[in-house]
Amino acid sequence: MIITLKKEAKPEQIKKLVHRFENMNLKVTVIYGENYNVFGLVGDTSKVDEKNIMANPIVANVQRVDEPYKLVNRKFHPEDTIVDVNGIKIGGKKLTMIAGPCSVEGKDQILRIAKEVKKCGADMLRGGAYKPRTSPYAFQGLGTQGILDLCQARKETGLPIVSELMATEHLQEFVENVDIIQIGARNMQNFDLLKAVGKTKKPILLKRGLANTINEWIMAAEYIMSEGNPNVIFCERGIRTFETMTRNTLDLAVIPIIKSKTHLPIIIDPSHAAGNWKLIESLSLASIAAGADGLIIEVHDNPECAWSDGDQSLKPEKYASLIQKGKKIAQVIGREL
Amino acid sequence: MIITLKKEAKPEQIKKLVHRFENMNLKVTVIYGENYNVFGLVGDTSKVDEKNIMANPIVANVQRVDEPYKLVNRKFHPEDTIVDVNGIKIGGKKLTMIAGPCSVEGKDQILRIAKEVKKCGADMLRGGAYKPRTSPYAFQGLGTQGILDLCQARKETGLPIVSELMATEHLQEFVENVDIIQIGARNMQNFDLLKAVGKTKKPILLKRGLANTINEWIMAAEYIMSEGNPNVIFCERGIRTFETMTRNTLDLAVIPIIKSKTHLPIIIDPSHAAGNWKLIESLSLASIAAGADGLIIEVHDNPECAWSDGDQSLKPEKYASLIQKGKKIAQVIGREL
Amino acid sequence: MIITLKKEAKPEQIKKLVHRFENMNLKVTVIYGENYNVFGLVGDTSKVDEKNIMANPIVANVQRVDEPYKLVNRKFHPEDTIVDVNGIKIGGKKLTMIAGPCSVEGKDQILRIAKEVKKCGADMLRGGAYKPRTSPYAFQGLGTQGILDLCQARKETGLPIVSELMATEHLQEFVENVDIIQIGARNMQNFDLLKAVGKTKKPILLKRGLANTINEWIMAAEYIMSEGNPNVIFCERGIRTFETMTRNTLDLAVIPIIKSKTHLPIIIDPSHAAGNWKLIESLSLASIAAGADGLIIEVHDNPECAWSDGDQSLKPEKYASLIQKGKKIAQVIGREL
Amino acid sequence: MIITLKKEAKPEQIKKLVHRFENMNLKVTVIYGENYNVFGLVGDTSKVDEKNIMANPIVANVQRVDEPYKLVNRKFHPEDTIVDVNGIKIGGKKLTMIAGPCSVEGKDQILRIAKEVKKCGADMLRGGAYKPRTSPYAFQGLGTQGILDLCQARKETGLPIVSELMATEHLQEFVENVDIIQIGARNMQNFDLLKAVGKTKKPILLKRGLANTINEWIMAAEYIMSEGNPNVIFCERGIRTFETMTRNTLDLAVIPIIKSKTHLPIIIDPSHAAGNWKLIESLSLASIAAGADGLIIEVHDNPECAWSDGDQSLKPEKYASLIQKGKKIAQVIGREL
């Protein structure tokens, strides 16, 4: 960490600040320049809060050179992490295709769609049982019944299941029944929830928040890993911008960035990014070409009657065609699907 | 709700859609135009999901005329709601001034600052005991001890206390000890937490999420009220934009908007918006002039040694001066402070 | 256009409004509903200003059903427009690869790089002679000399040249010398400049503004076409968001959107979107997979000594490798490169 | 400027970089640390391009300590600049109130409104003669006739006139006829236009771009001043964010920021920020309380028939009432209106 002091900083003020950092077990190199005095801090600066340093009236600027994350940092863990989900490897050569309806609407629906997406080539089944909805009057999910329906679908198709956990009180239910626990965009900085899932060993699909920076997202993964759970999978689903023609703006630059800064896999959710099924194929192929480790896509066999997110759901035949094209793109960049 | 159908919609498709709405207990008026067919839906459309309607291939556009919220809607509750906190009225003629440190750092610190802000003219004391921090390695708050220290400060100064609740597991502790429960920006759409505090009668300070629209914010209040708690206070704290010179961008247009659309009080947090103590006075006076029902401001007697948010904390003497100026502005617009 | 009136609208007010629209040559269908009165306007509504209608106190909502653009609208021109640049077709089966330095720095530099990118497989040469720079003290481009150097490079390599026009006073120089005139992001709504280039027949590369919606971008193309120039090529270069790890956020959803709403070609500029050469390959392959008609990429043989944008410039060998991978992706989706 | 080098930087690479900076007349202090090598650059770094330095593979980070602007910098010009417009001082104790219609619609209209706003207490008249419109089919302004009508209104009321210049070809007309030349938000980075108005001595009202940072805005003022024109007035008019309930988000933190970083006056345009006349009064009073040097507000005597921006125009009686309240707020903070 490099701290630039104002010219007017007095020796006793500088001394006091040096002392403070030394108390934090940091080695301080002070450089007295003609126009600048600069501190170089060496040691574990992950606990240093830039904003507090900036509160000191003699400080002109603070520049973090080392990243504030350790466990997810590729620097200290150069090889790729591969997350194993019932034998399916996320983050290896083969991409992972997750598909299913926004909401579980009943056993028949989820079974029917599970079979359809399996036939198309999906590796896992998604389906919401607890739904984060903007309105308290909107359908809130089937809850436990939805989880049980997903389990039944897994039993009949063999597809591992992915579902969103919204509150720690349902954690046990998820640990027992679900194969990947999804942390939704609105909960990306629900730190108690992150800590709770960090105490399990379940694979966690960590969606990026609507307006969270890449750094904040990485720190959320660090929260989970710092509690002992190494099985974190990033999931980009678009960020909120001024553009209203799409639901969100999909940020594909995160793929090479996450892969260079961390050792964890990253999959893409084009459905929530686009909010419109017509855009899904283009964005899916783009994601594969950019190096994503998988895709999670909303598929429904009757979108116009879906209980939620109908406008962004693909019909199975479209999904099948997308997978066929995706296979070829994956091959070009040395992957499989 | 007005639904515009595409020209190519066939009579049987239209019929099917009419039928679907009628099953939702909505009265449908169909207008067959030369170039448009338009549906007017009458009834309780708060449960209708625009996105699902858009999934229907014959639908060109959906336009909500009625707001999707009822309990917070000024239309059905024309008079202002005044929230009573130990006898202090939030939302009446007198503005409510809340002040205190970002974090409770110990009994001495909170007592000292409580006395200082009381002397300056504050009505209530704020202080974080459970802290949402981007980094798992940053100070996470004193927890229960912090709450007890706040209680002690209340005992000695008489100031009601405001603190942030991050997880339902601490709800009981907050209900018993705290006077206003704050829902932080990152939890504005933590719907389980909203429902939980909705089941109490405690006053709730509902901060706007970093990237949440005014509509989503109002719906979060509706969540709380729909569970039975009428004591909701909005709190604007800046939204995330491209500008980096301030921590967030304070959106003061929300004051007249929230007051016209809802009957609930709204207070402003200039500290988190600005992220820099030098901007607080200007933004505070602006908020009062714009009609805010109160201000929540970070005050610390030693900001450069604060354990969090030092750079945005005012010193007590600056806070005292701000209150003096604020009093006069309030008077001009027929309020008191 | 569908206009919803407030319940309280009085017959004479409605009559007056009907009259006003009829004077604009619009046919008005009024639907008197129990809870809504709705106007359906038929005719050329491209001249109707929604904001003025909203100013009318009896109007609750305005919903545009028809797009406000005509000449660029695919509805009225279903086949793809192919822009011919000295025999190279932009928008056909074959993608167009444009490459070169941010700024022309002298004849030697541009000749050297032109030969390099040609060898790699580029179809056209880019280079800035007039540079939009945030600081008046930064290098502003070589001006006319830069244009002449580009012409020399074209003469020696045969590559058509693309350069940015910043002011109408240089239009004649560009018409005479340059093959594609670029309108930069900052000038996307410089309407006088749009009208001026619209009066020529030169191909125009229309970059999307930093914070412009897709609709505004399409309207900028409509400005050019409405003056008589049909040779417009859209160019996405990232939009400004809260994320600071990339220079801008590349919005690839625009590819299928622009292609469905307009008949014009669209190429992608990953260099300005990313602002970091390490991200270019991923974003380029993604763009091709998403259906882009071409790529414009900054290439420099000595980026660390470039006079501008060094950090986002690819070295020729990286560019060559990108083209090889791009060829295969293009093939998968039935294109060539 | 502080440049942090990567640990792996080799002595000869460091030497080469030192040499390069010395050639730019900068004095370089190199600090060889255990974990960091740091360069401190002293001299005129306003010409140094951070992005090019970042392109050097041995550079880890670049931190600008000195601002890249000089002429507008308060550091080198501590006293406030007061811009004199026909004897009216902008930036002094007295606030400047500018009002008028969005567009000049004819002599009668502008005369009528000029008299109205004068009666209410306005100091200057605004009116658009050349209009930046998203659609080529929307009313583009009366052009020269509009300017002449404004002159007539000035003659009859004595109010100086403010109008937007969109292209250098009309500069002479503006210099001769208009009292303040407005540079609109869409042209804030039209650098040729900035340079052109910088060559005159006319007061320039420089609106902030829709998505421009405060730094970019200050640099745009530096462009004007660097050509010799010291009469620059900043004008905040809201920035583009994800919120759609207002046209833009008014950023009032810019008032104390602009005043601390520069010596130039700043006025606020709440009309374009809000896009809704109902919000104007609150935002205007807030702006005054925050320390604005003036307000520019759209006033129309028949908003629902205005040719543009009707929904955001105040009627004269509302404007008169706003001025009365504003006077009292101004007094509280030691100003006049």
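Going by the order they are written in, the chains are A, B, C and D; count residues from 1 in each one.
Operating definition for what follows: contacts are C-beta pairs under 8 Å (C-beta built on N, C-alpha and C of every residue); 3 or more make two chains touch, one makes a residue touch a chain.
Since this is a predicted model, take the numbers as computed values, not measurements.
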item: Greatest separation from subunit C - chain, by CA centre; value: B
item: Gap in Å, rounded to a whole number, between the CA centres of subunit C and subunit B; value: 39
item: Computed distance of Cα centres, subunit D from subunit B, in Å; value: 31
item: For subunit A paired with subunit B, centre-to-centre distance based on mean C-alpha positions, whole Å; value: 26
item: Multi-partner residues of subunit C (at least 2 other chains); value: 211, 215, 240-242, 244
item: Pairwise touch network: line, ring, star, complete, or other; value: complete
item: Residue ranges of subunit D in contact with subunit C within the complex; value: 46-47, 49, 51-52, 54-57, 68-69, 132-139, 166-169, 186-187, 189-193, 195, 210-212, 215-216, 219, 222-223, 226-227, 240, 275, 277, 303-313
item: Complex interface listing, subunit D residues touching subunit A; value: 2, 4, 27, 29, 31, 33-36, 38, 40, 42, 60-61, 63, 65, 211, 240-242, 244
item: Parts of subunit B lying in touch with subunit D, wherever the complex brings them together; value: 211, 213-215, 239, 241-246, 249-253, 255-257, 260, 273-274, 278-279, 281-283, 285-291, 325, 328-329, 332-333
